[in-house]
Structure formats: structure tokens, C-alpha cells
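Each of the next two complexes has chain A plus one other chain: chain B in the first, chain C in the second.
And then the complex of A and B:
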């Protein structure tokens, strides 16, 4: 299992960089994780989305897709892409320390 | 069934079930495929008419064989071939109401129709399928809609696209899935394969660029099938564009624009629009999720909303494929669980997410995939060591797909089992890497 050090703590991650155990994540890790994804400055809207992701994961056991985020987070899909240009669901899940959103089949 | 008994047409609420037994009710709408019909028919066989009253409510009377929609644009099926009257698919002893539903009140166990009739139920089965939402994507139904931008996911769209394809003599053909979930997730790939065959047959394949544009990170969701299907796309010279989240369809300029500002140009776009559940689910407090699908237990099909509400087929939010085979396999568990619920017994948690899909690949060949919640589509044979080849093109699979239409009308909808095909996914015959799995199924 790959590990990496975030904000001074060693955490297990998947090959794609998603947290293996979401309980090892803390808000203090967010700035470092965001930088890795090319986001240097975190706005209130970023935090709103990240907290929403955590909450959804805690309630439903999985992170929301972009479509769910656009419908329920209070931030439109267009704005979500401005906040997380490389793909809101995946990138925000990575920064929020939750597993990769499950693709539908 | 209280209030909806055909022999008590006043439709008053509060009538009691006969002999003190409970009743089941199924609802479908035009998006619904098979779940309501096959469940109602299976339940009818399971109970005497004196014990349980069954009512099916549907807002239109046309039952479309949806797997046939794929063939209509290529002239391989005619619209009339794939449509039958709904009521005639139901066994006698089932009351059929053709009416739009306004909402369901899970507190009072009642269904309110748009004409204000109120039907009471002891068990409600939501079988409303999924609904196309093309208007939710910017520009999709704007300029060019049904002229150079089509969907084959509706009968009208498939028929109109047939005319447009016949006139198409070269250029960029783009097939785009806007976002998941969609009905029959392999159908857009099949469309690409059949288009390749169609233009080959017309002798103009070299003048047509076919591009498959998907929001997924590969041709399909599951790694083994995704790799096999990517290879097949490449073999057939279909370009694959992945992780494309369509934000806008610009019909005038002939371009798809993604949210991350990439563009794909087209002369003819075949779109698979966003899907949602039935509108009445959204008007029914506590019943559905943000897309009007009904959350349910993955293994028992009991809704999360209320213990006497069950969900079958595309109407649910289960992480199973939205495919007719899933509905068929769910049907067995559904009927068992309605029976157990009415008898006050613990539910059967045996639905395993089993899906079984033929994938037409053109030139009278097809692939077959078979999978469930836990096991991704693998190579090998179905249903056992000797059988149809899995994840491999063959003429036998193509014949299987053609034969399926007969089974659909004569076996699946009437709620009969298909010989040799069980609801649980078989492991025998499937290959994990180099090993063949030999398990009794």
C-alpha cells in the first residue's frame, strides 16, 4: 500500500492517491493536498464543497458525483469546474480524503 | 387493493383487502421497461385473486421493447416491430389503470392520480423506470435538435435518426453520453459498432469519422470489459474521448463543449441525455433522491422510504446496471419479498446485482458480458464451462441477442423463468486471469 506524508503525518493512499482510510484525514491536511492538485488558494467556496463531500461520505458511505454535487451542494457544475478545473468530483474527493466516487454501471 | 379494484370503479379510498390479506400495486410510466409487468404477472401467479388484488397504474398504453431502439436508426428494426399494447402484456386478474400519478403519500399509504382519484395500498412497487432529461443540458434541445442532434433512446428520436443517417454521406458522427447513470450502458458503444458496419455496407466508411465521447475514464466502467471494449473501438477505428463532461451542445456550430472547456466537433450528434426517475417521485415527500430515483436496499429491493414500498428496475438508485436483465433477475427476489413482507417474515436478501448484456458489435456478431455487484465482467463462457463466449465476439452471441426479443415478450414480461438462466450470477465458466472458476452454480 503506498503511503505519503501530508502535513507531517504518514497516510495510506491508493495507487491513484485517494485516502485508504478517510479517518486518517484532518482539515489541517487540506492546504497541502490542494497544492498537490494545483490549487494554491482555497476560497470559502472550496471549503464549502470539501465539507459537503465529507458530509455526504459520512451519511452515504460514498462521495457524490459531479452531477450530484451540482444539484445538491449549492455550487453549480460550471462553478465547480472553476474551483476544481481537473474534475470536481475526483479532485475534491482526493482533497477531502474520501474514496474515489464510485462510477455508475 | 383498496380503491383501485376494477370491480369497484368508484375508486374510494379505504376499502379493505379481501379476506383480510394484503395487496400489491405496481406503477410504471413510459420510461418503465419491464419491472411492473413482470412483477404483476409473477405475483398474480403467486396469489389467488380472492387473496390479493393487483393493480397496475401506468400513464400510457404503449410498451416499447427498448433493446430494439438500437436497431431502428440503422433500418434493422421498424418502430412498429418493437411496440405492443401494455394492457395485453398483463395476465387476467390484474386491474390496469391508465392514468398519470400525481404523488405517493408514504405516510397514509396512498397514491393520488392526476384526476384526484386516491388509491390506497398495502404494498407499493415502484417500477417507473427512468426518464430522459435532454433539457437539463444547455443547448441540447436548442438549434439543431432533431435535425443534426438526436437521441435513439426514445422511439421518436430513433425513428427520426434513421432518416438522418440515411441522408448522411460523410463527416463527423459523434456519440456522446452526457452523464451516468443511463439505461443500458452498453447501448451507446453498440451504436458506434453498428454505425461502423452500416457505413461499411454503404461503402462510405472512409468518409465518416466516428467518435465516442464519454464522461467515464474508459470505454466502460469495469476494467476488464473496458479494456476489451477499448480495443474493439480501436479495431473499428472509432475514436475514444474520455472524461468529457458535456456542459453545452452547440447545434449551430456543431460542437460539444465540456465543462473543462474542451471541444468535440460534429456534423451529426447522437446524444444519450441525462436520466432521472419519474416526476411523481419528486412530488412524493421522502420517496426519492435528488434525481427522483428511489433509494432501496441493494439485496432485498425494499425502499429506504418505507417498509411496504419496494423498487424494481431503473426506478431505483441501486448500483446495478439499468438493464432489462437486471429487472428480470430482480423480479424473482421482488416477488419472494412481497410474499414474505405480507406474511410478516424476514426478507430474502439474495439479489446480487446480476446483469447479463449482449453487446452488438456489427457484422452479425456480438459480445456477451455477465456480472454482479462483486464480480466484474470476465472472459470465459456463460452460463457454465460450455456456453456462450464471454467478452468475445461471436455469431452465436448475435443470435442470442436476436432470440432475446422472443424471450422478452413470451418469457420475461409474463414473468416466467428463462431455462438455464438463474437470478444469481453463475461463476462456473468465468476466467480470473488464467484460472477458470469451477464453482457449482
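And then the complex of A and C:
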């Protein structure tokens, strides 16, 4: 299993770079993880989405899709793609240390 | 990740529920993966972005063997409408957006939405007949320019 060092700590990740174990993630890792995804500056809205992803994962065992994010996170689909141009649900899940959300819509 | 798909242009050519949704789902799914996506609506597929028609997309109950309905039954007046209502209710339950909502959402993802000029002329439509999310009406040559460097999927 691949590992990578984030904020000075070694964590196990999937081939795609998602955390194997969400419990090994800390908020202190977020800036480094975001940079890897091409996000240099984290705004309040980024944090809002990331915290929402964590919360949804903790409650439901799965991260939300873009559609669900757009309907429930308080950030619109348009804004989500501005915040995470390479795929909001996918990239936010990676930065939030949770598995890749599944779902077709 | 070498060989990953980075761009896709999807052609929607049919105007039924099962003709429109697959292309919309593929385009939306592409954007969710960070893949650049364009949608090209041609022939009856134009109904998906036609202001008045996009709210009344139906499923064919005749000539649609996938439904496993006898042809004579599918031809009875009201059957197509009833089947459409049933499908729409099932999709709503799964939180699949309606066609107008889906088109708006896909536009918000940053995907390009284009109408086919030949079809627009054929049906006697004009730009005003289409939803504001449509970027423009383009020729097939312009479509290939826009699709350059990516995959093309015909549905």
C-alpha cells in the first residue's frame, strides 16, 4: 500500500491518493494536501466544504457527490467548481482525508 | 495516471428519456471527475435544451423492446404518459434531477452546451427557443474544433 508524508506524518493512501484511514487525517494536513491538488490559497468556503465532507462521512460513512454538496453544503454547484476546478466532491474528499465519494449523479 | 481521459464531447441525438439522460449523466460525471466536457444536442436531442419541450420529455412505449411491453399495449392512448410519469417518479425518488434542473446543473459545472445548427434549421427553431444555458448554436465543423483533443461519445 502506498504511503505519503503529509505535514511531517506518514499516512497510507490508495493508488489514487485517498486516505486509507480517515482517522489518520488532521486539519493541520489540509494546506499541504490542498497544494498537491493545485489549491494554494484556502478560503473560508473551501474550509466550509471540507468540514461538511468530514461531517457527512462521519454521519453516513460516505462522502457526498457534487449534486448532494450543491444542495446541502450551502455552496452552489457553480461555486464548488470554482473552489475545486478538478472535481469538487473528488478533490474535496481527497483533501478532507475521506474515501472517494461514489454515485452516478 | 497515463491514459486518463481528460476531455470528452458527448452527442445527444434522441429526444426520449432514455435518449437524453445517459448523455447528461456522462457529462455531469465527467465534470465530477475533473474531465473537461461538452454536450452537443442534435436532432430530437435538441428537446433537452428547448425551453418549452424540455419539461415534457417522454419514454417511447412503442418500438422500445427494452420495456418488455407488447406493442399493442404500448400503443394504447395514455400508456406512454403513464409510463413517463412512473419513470419520472422513480428517478425523483433516487434524487435524479429533472431534465431542466440537470441541464442547469451541468452548465454550472462548467461544461459547454451546444445546439446543432443543421437540426435547428431543420425544425425551424431559433436561439430564443433554447434555455439560457446553451452556449451557442454551432455547425458540425465547429463541433469538431471544440471536441479537438478529446474523446467523442455519440448517444
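By definition in this document, the second predicted complex is superposed on the first by the 103 of 105 C-alpha atoms of A that agree within 3 Å, B and C clash if a C-alpha of one lies under 4 Å from a C-alpha of the other, contacts with A are read in each partner's own complex, and residues count from 1 in each chain.
Just so we're on the same page, a contact is a pair of C-beta atoms (placed from the backbone, for glycine too) under 8 Å apart; a residue touches a chain by one contact, two chains touch by 3 or more.
A quick note: this is a predicted structure, and the numbers were derived from the prediction, not measured.
Trainee: So, does A:22 touch the first partner chain B, the second partner chain C, both, or neither?
Mentor: A:22: touches no partner chain.
Trainee: May I ask you to decide whether A:31 touches chain B, chain C, both, or neither, giving the answer as first, second, both or neither?
Mentor: neither
Trainee: So in the superposed three-chain picture, is A:81 touching just chain B, just chain C, both, or none of them (first/second/both/neither)?
Mentor: Both chain B and chain C are touched by A:81.
Trainee: Quick check for you: in the superposed arrangement, does A:91 touch first (chain B), second (chain C), both or neither?
Mentor: In the superposition, A:91 touches chain C alone.
Trainee: Looking at A:65 after the superposition, I want to know if it touches chain B, chain C, both of them or none. Which is it: first, second, both, neither?
Mentor: After superposing on A, A:65 lies in contact with both chain B and chain C.
Trainee: Can you pull the chain A residues that chain B and chain C both touch?
Mentor: Residues 65-68, 77-78, 81, 85-87, 104-105, which sit in both footprints.
Trainee: Would you pull the chain B residues touching chain A in the complex into a rising list?
Mentor: Contact set of chain B toward chain A: 179-181, 185, 216, 221-222, 243, 245, 247, 259-260, 274, 290-291, 319-321, 355, 371.
Trainee: Considering only the defined contacts, which chain A positions touch chain B in the complex?
Mentor: 65-68, 71-72, 77-78, 80-81, 85-87, 102-105
Trainee: Report the residues of chain A in contact with chain C in the complex, numbered from low to high.
Mentor: 65-68, 70, 76-78, 81, 85-91, 104-105
Trainee: Over in the complex, which chain C residues touch chain A? Could you list them?
Mentor: 25, 28-29, 31-34, 94-97, 105, 108-110
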